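Okay, so chain A shows up in both of these, paired with chain B first and chain C after.
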Partner chain A sequence: MTVVIGFEGSANKIGIGIIRDGVVLSNPRRTYITPPGQGFLPSETARHHRAVILTVLQEALEQAALTPADIDCVAYTKGPGMGAPLVTVALVARTVAQLWGRPLVGVNHCIGHVEMGRLITRAHNPTVLYVSGGNTQVIAYSERRYRIFGETIDIAVGNCLDRFARVIKISNDPSPGYNIEQMAKRGRQYVELPYTVKGMDVSFSGILSYIEEAANKMLASAQCTAEDLCFSLQETLFSMLVEITERAMAHCGSQEVLIVGGVGCNLRLQEMMGVMCEERGAKLFATDERFCIDNGAMIAQAGWEMFRSGQTTALPDSWITQRSEFTSAGLLLSGSTS
Partner chain B sequence: MEPEESMAVSDFLIKGNLLKQGAEARVYRDTFLGKSTIIKERFPKKYRHPLLDEKLTHRRTVQEVRSIQRCRKAGIPTPVVHFVDYTSHCIFLEDIVDSVTVRDHIVSTQQRPHPGPTLEHLAPLAAKVGQIIAKMHDEDVVHGDLTTSNMLLRTSGYVVGDAAELSLVLIDFGLSYISALPEDKGVDLYVLEKAFLSTHPNTEALFQKLLKSYAASSKKSSAVIKKLDEVRLRGRKRSMVG
Partner chain C sequence: MAAPVGMRKVSGKLEFALDVPFPSSREASIALQSLSPDREPRKGGISKELTVSGSTLSVRWMADEARILRVSVGSFMDHLSLVLETMEMFGPPVPQ
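Up next is the complex of A and B:
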């Protein structure tokens, strides 16, 4: 039995999860929520994480009914993400690892999402659509590496949604994306927006500029409602995502799709992907907000895989990075294929 | 388009042989006016909004035909367009017989044992690809979906490593458009670079050959290559949160 605790805090969520051989024992989380019209800034987000991290850690241990002595390994998010919050969380992870005398393992955030999705859904070898506030990638595993087949060439899909929410002052509680999803259900009129797919890549910045410019004018002149805009934006963005996923599947000959990342809990996206899969005779795997949105258990799970395959991170190497180490050449995570 | 003729198109599809179902079209092979013909049918995608679907499907059919014509006029090898039906979104194209995709060719060359490094055998091909893309970009055609699967290599009379005999045909112009902007051409190369390197592991040096040949062949390459360098630094590579 191997018990791994995972620390995640690369963006506005701080989560700590404990996993014992594929079983999630606890996974508490807090979210830093900003007022409507505002995004989260690194230093303020780090301050939020510092204020709650020890409480969350205590909750994680209590809910799992474990003591530090039961933990075999401490996993933390190495990156990519926002610098200040990553540093805060890494510092706590390093400290407890030394206090408890346990090895550390630094985990790539993206791999955390993919590994958690595979654990929860039991997807075997899926084409993965990873969509969140900071990432938009279509990933597949080939020749012993996770490889990116398609991605955004500018901003992430979640970032596009979040910034649109700021333009028309949609609440950030519980998240802008969730509120857009609810409003979109009441949208009736389809407003034409730019649609940009380049091969297996997508671009969202043009759509955002267009809607930032047009939204308030259209609302003021009653050409459409805020609900219509939410609806049209979702339909356009998600069609692009489903299209590049399908292209990657055709390219790789894959018959499984796994959606991970915060935007992945959007039910309309899941529904559209489901229709595409049905037409191709493929299978869709998706999870809910507990595991789609950033959480500690996903870092624990990827950490578990790495720890079991003998990878640990020595103290001098326990730095963080804002950038992705993911390149076209792929990222190796040995022992992760089953 | 008369309704009778539209029906005739669907008849064609019924009796034609389905070759493959790609991400956005079904491809059939049949005889049309006595010639072996590829029929590319863009069928409705049920996952997307009907208005968006109709708009995209129509635009892509139009763009594909337009770019193919423009390339052909400039002497860039692409299939002949025999017939287009905008009602059923079907394009009737010349069948490039005796050809393989560049993708399959690279894969099989890499797998075959060779005297000397594989790169040397593929270098003339990479150079040719760079040349053709340069020519296409000089005509302001941006392909939009450059991959090694969207290039055909004629196999008749071709000997591996013989540059003079290389005959390439560009296909799949559905995402193409006309633009003179170095930005658009830079992104076109970026899309190819990623597709190339993810499909064919350990071919970085080969792709450099391709870019070098592109730079040497195109009149306006320096601005495009500069943009390519810029595009590489965008998105997740610049900063990444979430």
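Up next is the complex of A and C:
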């Protein structure tokens, strides 16, 4: 039996999860929620994580009914993400690893999402759509490593949704994306927006600028409602994501799709992806908000894979990184992925 | 608690030094290893050196400007307090 504790705090969620051989023993989380119209900034987010991290750690151990002596390995998010929040979480992970005399494993955040999705859904070899506030990528495991088949060329899909929410002052509680999803259900009229798929890639910044301007004009003159805009934005963005996912599937002959990342818990996205999969005779795998949204267990799971394949991170190499090193991290994991 | 050794100006550079006493050399070295890996966020203009001697963690900064020095020392103190609090709640270290 191998028990791994995972620390995640690369964006506005701080989560600590404990996994024993594929079983999630605990996975507490806190979210830093900003007022409507405001995003989360690195230093304030770090302050939030700093204030709650030790309480969350205690909760993780208590809920799992374990003591530090039961932990075999300490995993933490090495990156990518916001610098200050990453450092806060890494400091605690490094300190407890040393206090408890256990090895440390630095995990790539993106790999955490993919490995957690595979664990929960039992998807075997899926084409992965990774969609969140900071990332938009279509990934497939091909020739013993994760490869990116398509991605955003500017902002992430979740960033596009979050920033639109700020423009029309939608609440960030529990998340701007969740509230857009609820409002979109009441949308009646489709407002045409730019559709920007570029081969295997997508672009969202132009759509955001367009809808920002449209929102100001059309809402003021009552040509459409905020609900109509939420609906139109979701339909457009998600159609683009389904299109590039389908293209990647055709390219690697894959018959499985796995959606991970915070935007992945959007049921409309899952529904649209489901229609495409049905038409192709493929299977869709998705998880709910517990595991889609950033959490500690996903870092524990990827850490478990790395630890079991003999990879640990020496303390001097445990620096955090804001940039993605996805392909090299994929190479690291390749030996451990069945 | 941490004691500033002093601040002075050496060859146009600002220098700041801090000594932090720990209950044992083991804890001082844990703090050193937890606080050392991350580089200063900005390139140039500042350097920071951490060392342990016995049960004391010593930090020495050299900076071009007071503003940069202040930010770095401030953020170090935040990080140090988090490490100390973690040690209090989840320590003491297991015997080696």
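Please note the rule applied: the second predicted complex is superposed on the first by the 330 of 338 C-alpha atoms of A that agree within 3 Å, B and C clash if a C-alpha of one lies under 4 Å from a C-alpha of the other, contacts with A are read in each partner's own complex, and residues count from 1 in each chain.
To be clear about the criterion, a contact is a pair of C-beta atoms (placed from the backbone, for glycine too) under 8 Å apart; a residue touches a chain by one contact, two chains touch by 3 or more.
A quick note: this is a predicted structure, and the numbers were derived from the prediction, not measured.
After superposition on chain A, the partners chain B and chain C are seen to fit next to each other with no clash. Using CA centres, the angle subtended at chain A by chain B and chain C is 120 degrees, rounded to a multiple of 10. With both structures placed on the common chain, the touch criterion links A:292 to neither chain B nor chain C.
Contact with chain B, but none with chain C, is seen for A:197 once the two complexes are overlaid on the shared chain.
After superposition on the shared chain, chain A has more residues touched by B, the comparison being chain B against chain C. Looking at the shared chain after the overlay, A:98 reaches chain C, while chain B stays out of its contact range. In the superposition on chain A, contact of A:224 is made with neither chain B nor chain C.
In the superposed model, A:90 makes contact with chain C only, not with chain B. When the shared chain is aligned, no partner comes close enough to touch A:24: not chain B, not chain C.
After superposing the two complexes on their shared chain, the closest approach between C-alpha atoms of chain B and chain C is 14 Å. Counting contacts as defined above, no chain A residue meets chain B in one complex and chain C in the other.
Taken together, the chain B residues at the contact with chain A in this complex read 21-24, 45-49, 51-52, 55-56, 144-147, 149, 175, 187-188, 190-195, 197-199, 201, 204, 231, 234-242. Interface residues of chain A facing chain B in the complex, by the touch rule stated above, are 10-11, 79-82, 109, 132-135, 137, 143, 147-149, 151-156, 158-159, 190, 192, 195, 197-201, 235-236, 239, 242-243, 246-247, 249-251, 261-262, 272-273, 275-276, 279-280, 294, 322-324, 326, 328-330. Every residue of chain A that touches chain C in the complex is listed here, in rising order: 50, 53-54, 57-58, 68-69, 83, 87-88, 90-92, 94-96, 98-101, 315-320. Taken together, the chain C residues at the contact with chain A in this complex read 30-31, 33-39, 41, 78-79, 82-83, 85-87, 89-94, 96.
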